[in-house]
Amino acid sequence: MTDTVTTPGSRRGPGVRRFTSLLRTAPKPVRTLVRYAGVVPFVAYVAVFLIVPMVAIVSGAFQNPNTGAFTLSNVNIALHGSYIEGFRQSIELSLIASVIPGIFGLLIAYAIYTARGRAGSFLRQVVITASGVFANFGGVPLAFLFIASLGSSALVTGWLSDIGLNIYNHGFSLYTMSGVALVYMYFQIPLMVLIILPALGGLRAAWREAAENLGARSWQYWRYVGSPVLLPTFLSCLMLLFGSALSAYATAEALTTGTIALTSIQIGTFLNGNVIAGQQNVGQALSLGMVLIIAILMIFYVLLQRRSAKWLR
Amino acid sequence: MATVAGQRATAPAPGAGARRRRRRSFPAWRWVVMIVAGLYFLLPLYAALRFAGISGFKDVFTTPGFLPSLWLSVRLAFVTWLITMVIMIPTTVYVHLRMPRLRRLLETVTILPIVIPPVVLILGVLQIAPLALRATAWMLALEYVVLAMPFAYRVLDAGLRSIEVKTLTEASNSLGAGGLTTLWRVLLPNMRTAVTSATILIVALVLGEFTMASLDLQQTFPVWIVLFDQENAQVSVAASIFALVVTWLFLMLITVIATRQSRRIGGGEVTIFAVAPRETIGN
Amino acid sequence: MTANAANETAASAQRRTGQATGVAGIAGTAGTREGTSVSLRDLTRAFGSTRALDQMSLDIAPGELVALLGPSGCGKTTALRIVAGFEYADSGAVLVDDLDVSGVPASRRDMGMVFQSYSLFPNMNALDNVAFGLRMRKVGGAGRRKRAAELLDMVGLSAQARQFPHQLSGGQQQRVALARALAIEPRVLLLDEPLSALDAKVRLQLREQIRTLQQRLGTTTLFVTHDQEEALSMADRVGVMKDGRLEQVADPSELYSRPATAFVAEFVGTMNRIPGELGTGVVTVLGVTVDVQPGGPTSGPVDALVRPENLTVAVAEGGNGIVTNRTFLGSTTRVAVLLSEDTEVLVDVSPAAAAAMTPGTAVQVALPPAPVLVAARAS
């Protein structure tokens, strides 16, 4: 079946073009397949470079490294001893390093979002670009920044001592859970700013003004309208932050090797450290565990995003 | 009912008492937040700068390993950028045009890289990658594309949402342009901001990525910084601050230029993720 | 002041206890309710170098609906927002019942505002949205839900009480917004282009509904719009604004038939511009000499401003014009005629008469001997 179409002077020449639209008469499954063809490159890439390594890990987690036979021993080892301790501490650290920067990041984002005028616009651009850069900053350089300022003989420590506040006497250390969390915030806060700003854009000025017009004070607006509307998004961003803290490797390695057991570091040792014979695949079991935790978080993330999208669109 | 507090107006007073500062225009808490944030972020930088000192910065460029590792990172960034753009732009446009329902699926898929931490990803990759590929740094670029995907997608998607993709494409087609021409001449020029932001994010990501590179034993810039720290901490710190500042300035420059361009065609300010709505002067 | 204040507090006490006897009970018929007067005195506001408002003054009588009409950028929304308390004026004052409210924050002005769009709180259903203002006034749960239900009923949306804004159409959302603004029994109702974002049919329905409600309640209302049809059909008086100033404030018919300036004449309705020669108090146009309405230029080249329905046209060999176009408008036909001086005019005639005026026909356009407005000639 052919269609005759008149096209006004296309490059190939004026007049009539004949389309042989086999496609129109093809059965529906074929048509659908062709439509999906457009996303094949993307899907293929993701499959090869993401899914396949992941499948390797999942299968490796249940394999005996020498015989290849199915075994649960890797998982078993991963759930005991220093490894379960690693999970526990990773989760604890990630909780601290997501809730606190979450709140602070929201405050900063709101502060710059509502700034007005040319100065406000400039402030916004500076903070957003800085956030984009700092969100990727980590590892040894970051650790060093903090050692140079809050280390035992460092700059800020010195200043605080001068005014009578010796933090080290109070048990502070960069190498404890709270110290590491403090360093984590350097990239967690910018990350929060970046991911919550678009949501703030969804808070319409008309809501604020309508509330004010109807007699609401600032806190009442936040209590009845602002917070309820923002809460799903805020929570979803916290999920993302948690996942980010859990996955952190470079910074953790710079600060904690040997002192605090963290799952990401433990996984790393299976690539570059001494591995106990027979336990080579435990790293993959650990990876599986980590991915499962984050996957659950991401499910909540997506659900919360959908919820807030209804309101903030 | 609220009581109206007011005075009996005897005559309209021009100026006197008529101007009321909006209590909301810059309240105290905002200052507190910004100052605390400023201290937290800038003090450590300052401390590090003092440590690095002039000598640190002087020697940075001449130190062995600095240039080769930086060059490697730059090349990796370029390749990552290229592959990401070539895959993501047509896909995002295609999905916007032909399969809007699939957008949700696409969003979910691009979250997957976030679910899989880099350390886990490199573990998996090193299990199965063929030796020939594993030996080169290009495998790293291929994986960096995966890391960049979530952010690239979000940015491109936001950019596409802010222009009427469907209408523009139909208009372009009705005037005789085919698919690729439309993409190149109509859609891409309008996505300049999104593409620019995505580029910057990719560059920042690659120049800062340590985990996968070090476990893959490739000496990219971040890896070199860490290795060199053993030798000369001052130079190492100077190098990382240098990278930080340069990326920041670069980003600022792009943002300012993009905002100026956007304002010229009637839009609002441009940030990494979106174009803000135009500020309207009262009606 | 004391008598007024006593009446105010009595009414407000009744409102506060939430014992709404139904809107009809309080309002009665239009005009019998104690209304509120609003005065804008010499409001001036500049944004950077742009003057949004320039010494604008307006008095609104109790129970009146005044529309502010003008093109975008003329300052009408700024004026409204200053009255509401969301913007401040650089100088000038807003008086409500002769009290200066310029220092009163927006949340305490007791005015109900309907925004252009998307102002309903997305996390609350329609009922809760309408009840919000009552909640702020500490009206108890049962009382405020009852009152909110009454108001939703007034706007015809009782069935949608439990629905959320994203489930409602644009027109429905604006009706809920209206109910929400009226629930608090405001002294003043402010509407910021509430119909602009809606499609034509819904707009017409809502126009009627707003006007009917407003008249029934007798609430003093300030209505901002750029649509002159809306303003003319709804308002008791219309204020036409341009560049931050009021060009004319008058009731719709006067605005239409006796525009004070050329801008008003051309903004409201359709207006023809025909070149003419000025004499002393008279102008010669289309071959006749008629009186000039005061207010225009007294020397120099001028155009006479005449409405299409005030011109006559007839088929005539050797007439002063040629028909170029005809537009059928239902009850009349608008005929476009090219006059010999290179001017095109529009004339309204009955469709029957227009039947003979096919494009190309020679016709004679004439001006009846009534006074006309003149304006400086447009080059």
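Lettered A, B and C in written order, each chain numbered from 1.
Simple rule for what comes next: a contact is a pair of C-beta atoms (placed from the backbone, for glycine too) under 8 Å apart; a residue touches a chain by one contact, two chains touch by 3 or more.
In this text, all values refer to a predicted model and were calculated from it rather than measured experimentally.
Relative to the whole-protein C-alpha centroid, the nearest chain centroid is that of B. Counting C-beta pairs in contact across A-B and across A-C shows that the higher total falls to A-B. Work out the mean CA point of chain B and of chain C, and you get 47 Å between them. Remark: chain A and chain B have CA centroids separated by 14 Å (rounded to whole angstrom).
Inter-chain spacing, taken between the CA centroids of chain A and chain C, is 51 Å.
Along chain C, residues 105, 107-109, 137 each make contact with two or more other chains. Counting partners per residue, chain A has 215 as the residues that reach two or more other chains.
Residue positions 2 of chain B each touch two or more of the other chains. Partner chain A is touched in their complex by these residues of chain B: 2, 24-26, 29-30, 33-34, 37, 40-41, 43-48, 50-51, 87-88, 90-91, 94-95, 98-99, 102, 106, 108-109, 111-128, 142-143, 145-146, 149, 158, 176, 200-201, 204-205, 207-211, 214-215, 222, 225-226, 229, 233, 236-237, 240-241, 244, 247-248, 251-252, 255-256, 259, 269, 271-274, 276. Taken in their complex, chain A has these residues touching chain C: 204, 206-207, 209-217, 220, 224-225, 228-229, 310-313.
Across the complex, chain A is touched by residues 84-86, 105-109, 111-113, 115-124, 132-133, 135-137, 166, 177, 180-181, 184 of chain C. Residues of chain A touching chain B in their complex: 7-11, 35-36, 38-39, 41-43, 45-46, 49-50, 52-54, 56-57, 60, 104, 107-108, 111-112, 114-116, 121, 124-126, 128-130, 132-141, 144-146, 148-150, 154-156, 185-186, 189, 194, 197-198, 201, 215, 218, 240, 243-244, 246-247, 249-250, 254, 264, 267-268, 270-272, 283-284, 287, 290-291, 294-295, 298, 301-302.
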